[in-house]
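Read through the structures below before going on.
Two complexes are shown next, each including chain A; its partner changes from chain B in the first to chain C in the second.
For the complex of A and B:
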């Protein structure tokens, strides 16, 4: 193993982490403001991947990248309006149960429509052939994933930091009740936040689908490590989600070099260590969302 | 208010357990009457036992675990490996499976009970997946990887080959014992504290009770039940699929418990029976059975979180109201927070 190989592997880790970050940010946004642990979030990723495949087959990849995320945003809005909003005042366990049921239903719906096999959702032709990036040849699609994720994270940061909507969302993560007292239409903001989380899952699905594969099971397979990202980062901390997502991505990628069979379990070992050492997560604050 | 669970006369308990014995003996025959088949009785009892232990955790303590596939699956693998490599004695295999299930739940409980509420559910789901992936790749020389653990020889108990009716008798006896023990736990002061934790953990803690120890014990008890049921399942099927460790197994368990009605002990067992019966009868006509089951489950969560048991209670109340023409006094067990699924 030489330095070039190692840097390529680190780059792959960045790409794996990017997908985790996208899902985890949506989970944290939704949990932070709405207080709902959305077990159907992986299903939104899966829908993004399936829609991406369908649209790319019918037209081309560019149309898919532009059309699918807003479509998943709408799916999120519909889910929030027709199902999740009735659970804001129900116990947390009921919220988990209903979103888990929804995840299962969406997964089986896709299995019914498309079958259980992996659909051939390829990368666009221009991103298929590895290019020389100075340290070796690398598939450009993975670079696209890292770039898009970086842009999305930056966009989210700007949205939350510099807009009125962002101010309201951040206030909602601190104290949703107070927000209502101040005369802000909280339910409307809730719907938008859920949609925003879905949008991130949709982006991740449409760009990540060619890497992760397009099967009904992909939703849960992506959701579980993303949950760990959220817990490790500290629930409600967006920066924590980004940092821990990248740490887990690198850990998965580097474990391939050291001992390949450990790839699938390395994230759980890290999560166990963090839980024992810092139960609140890396950037979790005492008393916030516990 | 929380009253001791079923704290009524000992006489009544004798009749209830007699009824349980009668149902266990008649179940294979009862199933043929409603379009099922006799062999279906065995998986119903196995999943029923699994769900029974789970109810001590979810229904009584209010902890929603999405990781019980780990204990069921590890119990199965342990039992299968004993039968395959050590001895074909059923008692040894089942004891090993139960101990392994309990030990795994102690490990997971130690980790996951550091956090509460949704974190607990998330963490149990995640750490149980760790065992699934561990069985799939790093340990595949032991577990058979993707193929699962195959070629398990038929177990023996006191020289009797454990298949068909003999193993049904053994599983029915284990279920009977499991129900008896679970009811004893539910009636004990310990069971009372579990239900108090479900109702208001902070308040229980403020009376000087170390709630995490109680929750840990409830978690391990449910893990022992899962290990026992999984171990018997491996001996019965002579096969352990990798799916035994997959999250779908945990999901099935949760759905069975909720559809039946949590916090009632018999409810989750009933749920296991209903789900397996419908699955076997309907999956021939409905290829997408899991989709339908998911919709049924969601409908219960949205409209009737108390499950079939709650539906039965409401029906009985409505009927008695129609007869007496006077508002009934709700009995203690149906007051919210005792028999219902609500947990925070």
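For the complex of A and C:
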């Protein structure tokens, strides 16, 4: 084991963590603002991957990359307007049941349309040949994932920090009631936030789909680790989601070096330890989910 | 106070006698109209008396039901879809004739059902999970009254279903299952497997790998973490080490893994110059595609060109992974749609006529297993499971695939020639299904082994009620 080997494994961890971060960001954004644990978030990722596949097959990857996230944004808006908004004042168990049910409906809908077969969502031709990055050869598409995630995280940070919309969202995460008293159209902001979360899932679907191919169950496969990321990071904390996503990605990758069978339990182990040590998660805020 | 009236039978009135005679006459007439004399009843009654009730035997009515439990969700979905197509075709051929009924020898089937009964079937999704499969098959046995069931794709499912078969006294014709355990340590009297196993793959592939890639190789294994993966890893390790290869490391990966990057990075970080992917179905499609993208086909290690090996191959996976990714990669198959024997040709044509694409090896074994069961019943002259089992044990047949095949009595494993194949270059493909080329036909005697080698005990003909 030399430095180059270790950095290669670290890079793989970064790239695994990047997908976790992309999905967890939307999840925690929706949870932090709307108070809804959106179990249909994995399904939005899956829809992003299917749309990406269809569009990329019909045109090319660039079109898919530009067109699909806004499309998933719209799907998110529709879901919020027609279903989720009726559950804001219902108990958390109702919210979980309805979003989980929605996830199953969307998953079976895709199976109905496309079948259960793995659709070969390929990478663009330029991304099929590994590139030399100094520490070894690496698949370019996985580097794209890291880059896109970094850009998305930065974009979200700028949006929330420097725009009026961001100010309102941040205020909403603290105290939605007061926001309403101040004369802000809260339901409209909620819809946009849900759409924004869906947009992130859509981006994750477009960049994650070519790695694994597209099947109806990829949504459920990412849902569990992403929820762990949110819980470990602290429910509703965006910075927490980024940090814990990267920690889990690295943990999954590095545990292979130390003891491969532990790869499967390492995320749960970390979750248990973190929650024992900090019951609200790494950057959890008091009052959320309490 | 009880009435005395009921104690005394009514004297037979003239009217009652007339009515009874008329009824008997109608019944007799109905029997004649149905084409069977009342003697038919007597014969059936005698047949059922000869064997006690067991599992879902005896069968009531004029149809007999099969159960097909295949993965329609999970990592082996493609294989499951193809199996179910084949089962439907097999049932059609049993009922109406056609298909390999014209080539299989010895044959007792006449293409008019089995023992005068038409075959019907129920099917279900086993989700590639042993517990779901068990539940699925149990429901078919208890609710639908099936006399035989078949299907799987995952050996973990096959093993679970075999134990259920033994418990329930219902014969299980294993579908696609490649673990040594299926007819090894977990062999069951009520389970039968036509598909080859990991041991045979290893023995067949070992020498060819050494010939193609040299004897001084260092192999890194990635292995699906369940019975099949475990036995295939062991068999491949033994077979390649016998040729002088070294095994650098093995990592078990859970069935249904989507992203293999952390494992593949570990391969890159080792000094291995061969990576053996003990994966199947969607797992293999993902691990192989990702391995190729990690540059494992173009890498130079220890001054050698790095190689990927996929010990158990299938055309469906080759299609999923894409022709470019599988070009030149070696593996083994049980059967291939390009075989030129009469049975294979007829089967391929029948399948293609209905489904517009050639059958996979999963379809082939599913189809053949159903026909073999039906034929064994016809041979035994009864559906009584122990007699059917005896008709299958040691059964030697030909007319579908290469040469003579035998269902070995001691472990219920079929022995016949198998094939080493290689992914075809995209430029040489005749059509989109033409993905594999046969490198060598490995004669049966080379892959045959002592049934004691893998251990296991079949258990009794009459299931113990506990």
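Keep this in mind: the second predicted complex is superposed on the first by the 287 of 290 C-alpha atoms of A that agree within 3 Å, B and C clash if a C-alpha of one lies under 4 Å from a C-alpha of the other, contacts with A are read in each partner's own complex, and residues count from 1 in each chain.
The criterion applied here is as follows: contacts are C-beta pairs under 8 Å (C-beta built on N, C-alpha and C of every residue); 3 or more make two chains touch, one makes a residue touch a chain.
Remember, predicted model here, so these are calculated numbers, not experimental data.
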item: First, second, both or neither for A:264, with chain B first and chain C second; value: both
item: Which superposed partner A:163 touches (first chain B, second chain C, both, neither); value: neither
item: Touched partner set for A:60, first chain B, second chain C, both or neither; value: neither
item: Which superposed partner A:9 touches (first chain B, second chain C, both, neither); value: second
item: A:231 touches, of chain B and chain C: first, second, both or neither?; value: first
item: First (chain B), second (chain C), both or neither touched by A:272; value: first
item: Touched partner set for A:93, first chain B, second chain C, both or neither; value: first
item: First, second, both or neither for A:137, with chain B first and chain C second; value: second
item: Contact residues of chain A, present in both the chain B and the chain C interface; value: 111, 261, 263-264
item: Parts of chain B lying in touch with chain A, wherever the complex brings them together; value: 58, 62, 64, 66, 111, 114-119, 121-123, 125-127, 129-130, 133-134, 136-138, 247, 251, 254-255, 258, 288, 290-291, 294-295, 297-298, 301-302, 305, 341-344
item: Chain C-facing residues of chain A, complex; value: 1, 5, 8-9, 11-13, 15-16, 111, 115-118, 120, 122-123, 128-130, 136-139, 141-142, 211-213, 215-218, 221, 252-253, 255-257, 260-261, 263-264
item: Residue numbers on chain C that touch chain A, as the complex places them; value: 72-74, 77-78, 81, 251-252, 254, 256, 258-259, 261-263, 265-266, 268-269, 282, 285-286, 289-290, 293-295, 298-299, 320-322
item: Complex contact set, residues of chain A against chain B; value: 31, 37, 83, 86, 90-98, 100-102, 104-105, 108-109, 111-112, 220, 224-225, 227-228, 230-231, 235, 261-265, 268-269, 271-272, 275-276, 279, 290
